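Heads up, the thing below is written out as structure tokens.
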Amino acid sequence: MDSGNTAWLLTASALVLLMTPGLAFFYGGLVRSRNVISTIMLSFMSMAVVSVVWILWGYSVAFGDGNAWVGDLSFLGLRGIEPGDDMLFAVFQMMFAIITPALITGAIVERFKFTTYLVFLVIWITVVYAPIAHWVWAPNGWLFEMGALDFAGGTVVHINAAVAAVAAAILVGKRRNPGLEPGNLPYVVIGAALLWFGWFGFNAGSGLAADGVAVNAFLVTNAAAATAALTWGVLSQIQNKKMSAAGVATGAVGGLVAITPAAGAVGVMGALAIGLGAGVFCYAAVLIRPKIAVDDSLDVFAVHGVGGIWGALATGIFTVSAFAGVPGLIEGDVEQLGIQAVGIVATLAYSFIATFIILKVLDLIPGLGLRVSDRDEDVGLDVAAHGERAYVSDGAD
Amino acid sequence: MDSGNTAWLLTASALVLLMTPGLAFFYGGLVRSRNVISTIMLSFMSMAVVSVVWILWGYSVAFGDGNAWVGDLSFLGLRGIEPGDDMLFAVFQMMFAIITPALITGAIVERFKFTTYLVFLVIWITVVYAPIAHWVWAPNGWLFEMGALDFAGGTVVHINAAVAAVAAAILVGKRRNPGLEPGNLPYVVIGAALLWFGWFGFNAGSGLAADGVAVNAFLVTNAAAATAALTWGVLSQIQNKKMSAAGVATGAVGGLVAITPAAGAVGVMGALAIGLGAGVFCYAAVLIRPKIAVDDSLDVFAVHGVGGIWGALATGIFTVSAFAGVPGLIEGDVEQLGIQAVGIVATLAYSFIATFIILKVLDLIPGLGLRVSDRDEDVGLDVAAHGERAYVSDGAD
Amino acid sequence: MDSGNTAWLLTASALVLLMTPGLAFFYGGLVRSRNVISTIMLSFMSMAVVSVVWILWGYSVAFGDGNAWVGDLSFLGLRGIEPGDDMLFAVFQMMFAIITPALITGAIVERFKFTTYLVFLVIWITVVYAPIAHWVWAPNGWLFEMGALDFAGGTVVHINAAVAAVAAAILVGKRRNPGLEPGNLPYVVIGAALLWFGWFGFNAGSGLAADGVAVNAFLVTNAAAATAALTWGVLSQIQNKKMSAAGVATGAVGGLVAITPAAGAVGVMGALAIGLGAGVFCYAAVLIRPKIAVDDSLDVFAVHGVGGIWGALATGIFTVSAFAGVPGLIEGDVEQLGIQAVGIVATLAYSFIATFIILKVLDLIPGLGLRVSDRDEDVGLDVAAHGERAYVSDGAD
Amino acid sequence: MTMISIEAVVRPERIHHVTEALESVGCQGFYYSNVTGEGRQRGVEVFVGRGGAMASRHSVPKTIVRTVVVDDMQEAVITAIIEAARTGDKGEIGDGKIFVTPVTEVVRVRTGERGETAV
Amino acid sequence: MTMISIEAVVRPERIHHVTEALESVGCQGFYYSNVTGEGRQRGVEVFVGRGGAMASRHSVPKTIVRTVVVDDMQEAVITAIIEAARTGDKGEIGDGKIFVTPVTEVVRVRTGERGETAV
Amino acid sequence: MTMISIEAVVRPERIHHVTEALESVGCQGFYYSNVTGEGRQRGVEVFVGRGGAMASRHSVPKTIVRTVVVDDMQEAVITAIIEAARTGDKGEIGDGKIFVTPVTEVVRVRTGERGETAV
């Protein structure tokens, strides 16, 4: 083990872990105030549940030898993973597994049944996340072998979570009383800030070393986040004569999503282009979403799906041989773009279908079910599911 | 100095420093809203006061050569500590000294006199914390020589703070009007998240290198936190049909406490067991506490005491020769468990008695005293002791 | 590239980036609640705008070869900066460029026109920040060649921002209805905590290596922050019989500001002295400010100006040959103090005049202008400029 | 014709139904605010402290809504509020109360108009 | 028998005493809410801005509590509130006020009951 | 002499003007509180959700202020409030309303004084 690389990967792992509470506040700030605790808990519990699943079998299903489609059970309980680079990799990857299902929850806030969600977490990590991670990142995964580029998880994390979010939103149905405005905008901003901060670990850690690749990934990550935030802000100002803070924060996240698969493959100019695209496409998607019948409440698909797909394609466009070893469209080669498209389609299809089936089954199991009662939804899930109120400041505080 | 180790220890020091504001918000969110600032300040001022004390004489009392019981004054003002590994160690250790008395404050919120607390900080670090740190971590400390295992401060930090908290709660007496529910639950969660994040520095930094020990410590830290959070959540759901966010956050902290002494000595399966135990024992302790006459308001002993004792014993149970060089109970050796028990009892006894005497004396000194007036307590300490209100949003904002 | 140094610089860059959201909350908590979003956005948008400017031309203007006064355009778009130490330097420096104009915004909150501010950002970074950075940090900068010591940006960042803040406050005029108390004090504290945390990257990263210099810088940073916070708290307690949390947080920031130029040049005793001075001087300045006609609303000059000037002079006083290679006043040499004074005066003069001219021009351009309408100011900029409310918790939430 | 103030204490989750009902029955204006109420509904179960145990909280969040109308709208407004605020067909404990009080004068700030036309 | 509304402005830290007193005197229901008040009490000293200096804040946090009762409970309720809200034996400036206003109708949302039985 | 309660719904940004006006006209005390109001002012444009689009929010933040005074101060108080609360010379929709209601008794908690002297 090189101590410098180890130092960076430990740091990066901590940074990625922090993204999940960041997401909890980002989402928590967007819902109405009677659901802020329940929304935060959807993310926070992923830290608790997925960590355990990952250690017990998740890592093995994802990175065990297995075949082109799925790992095997050789690393159950992290058996045989010595405290060295392998264990560090398992730890770093654990943080990715934690945040991915947390991303989904943006689509189901304010009405999904909490206990069912916990069961869903266990199954989804096992049946959806781990296999797709295997496809893309395991040396014998079929997408890896095909040459799909996904430096830090554009398909595995973002497209995957986004399309699962759509499946979940369809099955759980619309909210009865969606709030008009975000309930706590400072939470949205601090959440976005923690995501931005943590994303440096996410992307610049994904090269597994403290080297030039990491430095470039760090730079392009910041560049894309900034550009997308700025783009969104400008579009918002032009269209509405006001600049939404929630919009700028969302733009930043969209840019971070889009640069994720590309962070090891593009230069800083490519990053600006990717950020610009992310700002425009995610903005448009968020505008269109309310016109669609599916209540993807916090626009998971509009940001992580659209941003993720754009990023995966953009990786095929802007990748430069000097970085990723393969030429992209701007170097005149269309092949990589095609490979990227295969990765996108496969992830979209598998994740949507598998998630749909899992939730359909959970809906039918007595005692589970996807949706809270109308009464609980009206009262708000903070009290109904968690027995708590976010802020208590009346005379009885 | 190895640059990689230095990089990690610098990072770890920053992470541990961040735990104190994390704790400030964790505690601040648990009190009623008229005391949130005063509660935050109890922790925050530890950063100010203890840093100075540590530099001037605290480090020397703890890590000066001295004898088996206490250091000497050879490093006063960090004299002779060159900017290298020694200074890095002094910095890293400073962050531990900062958070330990801050932990105590959970027992005395909403009624302790702030100025007296500042004096207490100075004395307690000198008379209680530094000696115990010397016993356990100085090469000639008597517990160190006896072979007590305390990787990152289960006894020095947690048991120590917890029993001091009990002494303080006894002497300051019960609150007049304890609130029913936490005043700001999102603060509790963000506090817990920052603690979890910072704890990677706390535990994975305690090996003082970016190596396999650090990687293992990082993994087991996350594993125990997650398991304990999950355990608490499940117990809470079973007993009350609702899953308390404050409970899950507390469970995570309990797991982090319990793994602290063990982080360099156990494997990931041991960590799951330790986390499970922490979840169960801390949950039970928090349930029992209200039945006890001592108003340890925010359950410092139930979490840091019970979790710390369990962790210290569990270190004797689950330690594996491969990591710590000594066998634990699971490897058939009962001796380490006995040594751990000695460390626990010595810390409990010394810290309780010494803290009790310090506070008793402070109570008698004219102009000091432990408790605010009834009127100040009723009005809330934010206004009474700090001249401030946490949130101002009436027409006059 | 040394992997350990790289690991630390990546971490430090992330830490410095986090300071800007930290500042956003620090400032956001100090304004009245109808302007919290707009205040946060002033800082947050600096991340978006300055990142892009820095990549496109800012870095080149600051660190391109050029002459003694300004860089050239050789690094436009970071052309020719390979993913190695140079790129890492560009990234690290980018974070400094981001936070500097954000600091200015404390003087113009609650009434400055947001769109004009965005234009101002672009111009100010180019015309004011980049040249001053060149003077001080480029190997051929005139202040660098003169031997001015500014380890981490006392002049470039703090004095520069502070005097620009005064110019901006003069031109934009006073607030119509300044609030009496901070609107959200916990935000002030969490902001200060994130600043403190991030400042470890700011200062201990500025030696560009994970070595003894970094360790010393880390230690003195913490020492000065703690001492200044404590000093402020004690002064506040003596004068008012209450200890202001906003004051203690401000004290910490003042100490961090003051140690910034000195972090690579002084020992821990010097740091305590610098922190003490920062506490006293900034406290006095904040007391005096309301008596001055300029509405530097959040005391940018009182903290960053006074603290920065004190720090720059203190560097000339307390620098020890062992660290910085040059003797300070305490080693009997007055020369360095004189050089420091030149740096201060040059920065004060240039930044004030240039900022004044820039804003004067922006004020005259039709469609821009510095100040919002009276109506918008009364209603609050959150709704007027951003179409958002920070907290929504009425029945319509 | 005299004017009256009609104030209702309702469940927070019903406030939208109530305001819609008020609009549809022709109320010119109203305002609402969150309060804490105690009545026959003996509170809700909430977690205390660190979430080890639950306790019953006597007081519950309620929303008050107030509208000033002319006398002869009293019955229409009351009926509208009842329909919008009641839980289910039979109602549940905690559904709230309506209080009617006399108003002797109403002034529109903008125009200075008085009485009925100002309502 | 007519009905009245009794509203009291009290110190926030006394609200629990007041609500207990109301319960013990037989009030069927009430609600309370935080407000900002100004009266003879000339405010509190608070830190301004970054905490360099203090200023006197005219307005102070108060809590209002309101209960609607039948006429003949007026004196009992007033006495109960005074006892619970007063600071010490002699009271202090800022202890608050009680306002009694007529109520012409009370309706229970749940049942539609009117008048006294609905209180 | 009888006592009355004067309650005004005003724009939050005018509350300071209003409280100053009340003081200058000789009001002994008052309190105010933030509420959400709906009237002729058809709301404000706000961003919804993640800030892609704006929607009109019917309800707008308002502040209510209430003071209890003796009868013969009615006109002075109303005039003072109108002047302080009105936007510009002509006023704008949303400037608010004033409601006057009878008060039958006032009690000062501190002293137990009743009626006019307690106001």
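A, B, C, D, E and F are the chain letters, set down in written order, and residue numbers restart from 1 in every chain.
Assume contacts are C-beta pairs under 8 Å (C-beta built on N, C-alpha and C of every residue); 3 or more make two chains touch, one makes a residue touch a chain.
The structure presented is a predicted model; accordingly, all values stated were derived computationally and were not measured.
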Chain F reached from chain A - shortest hop count over touching chains: 1
Copies chain F and chain D - interface residue numbers shared by over half, same or different: different
Whole-Å gap between the CA centroids of chain A and chain E: 50
Separation of chain A from chain D, taking each centre as the mean of its C-alpha atoms, in whole Å: 43
Chain centre separation in whole Å, for chain F relative to chain E (CA means): 19
Distance between the centres, which are taken as Cα means, of chain E and chain C, whole angstrom: 48
Chain F residues counted as touching two or more neighbouring chains: 12, 16, 19, 32-36, 45-47, 51, 54, 57, 59, 101-102
Set of chain B residues in contact with two or more other chains: 2-5, 7-8, 11, 34, 180-182, 184, 210, 240, 242, 244-246, 248-249, 386-389, 391, 393-396
Touch list for chain B against partner chain D, complex: 30, 180-182, 232, 236, 240, 242, 244-250, 283, 286-287, 289-290, 298-299, 302-303
Complex interface listing, chain D residues touching chain E: 4, 8-10, 33-40, 59, 62, 64, 74, 78, 81-82, 85-86, 90-102
Footprint of chain A on chain B - complex, ascending: 2-5, 7-8, 11, 15, 32-34, 179-186, 189-190, 193, 196-197, 200-201, 204, 209-216, 218-219, 222-223, 225-227, 229-230, 233, 237, 240, 242-246, 248-249, 251-252, 268-269, 272, 391
Touch list for chain F against partner chain A, complex: 45-55, 57
Residues on chain E engaged by chain D in the complex (per definition of touch): 5, 19, 23, 28-33, 68, 101-112, 118
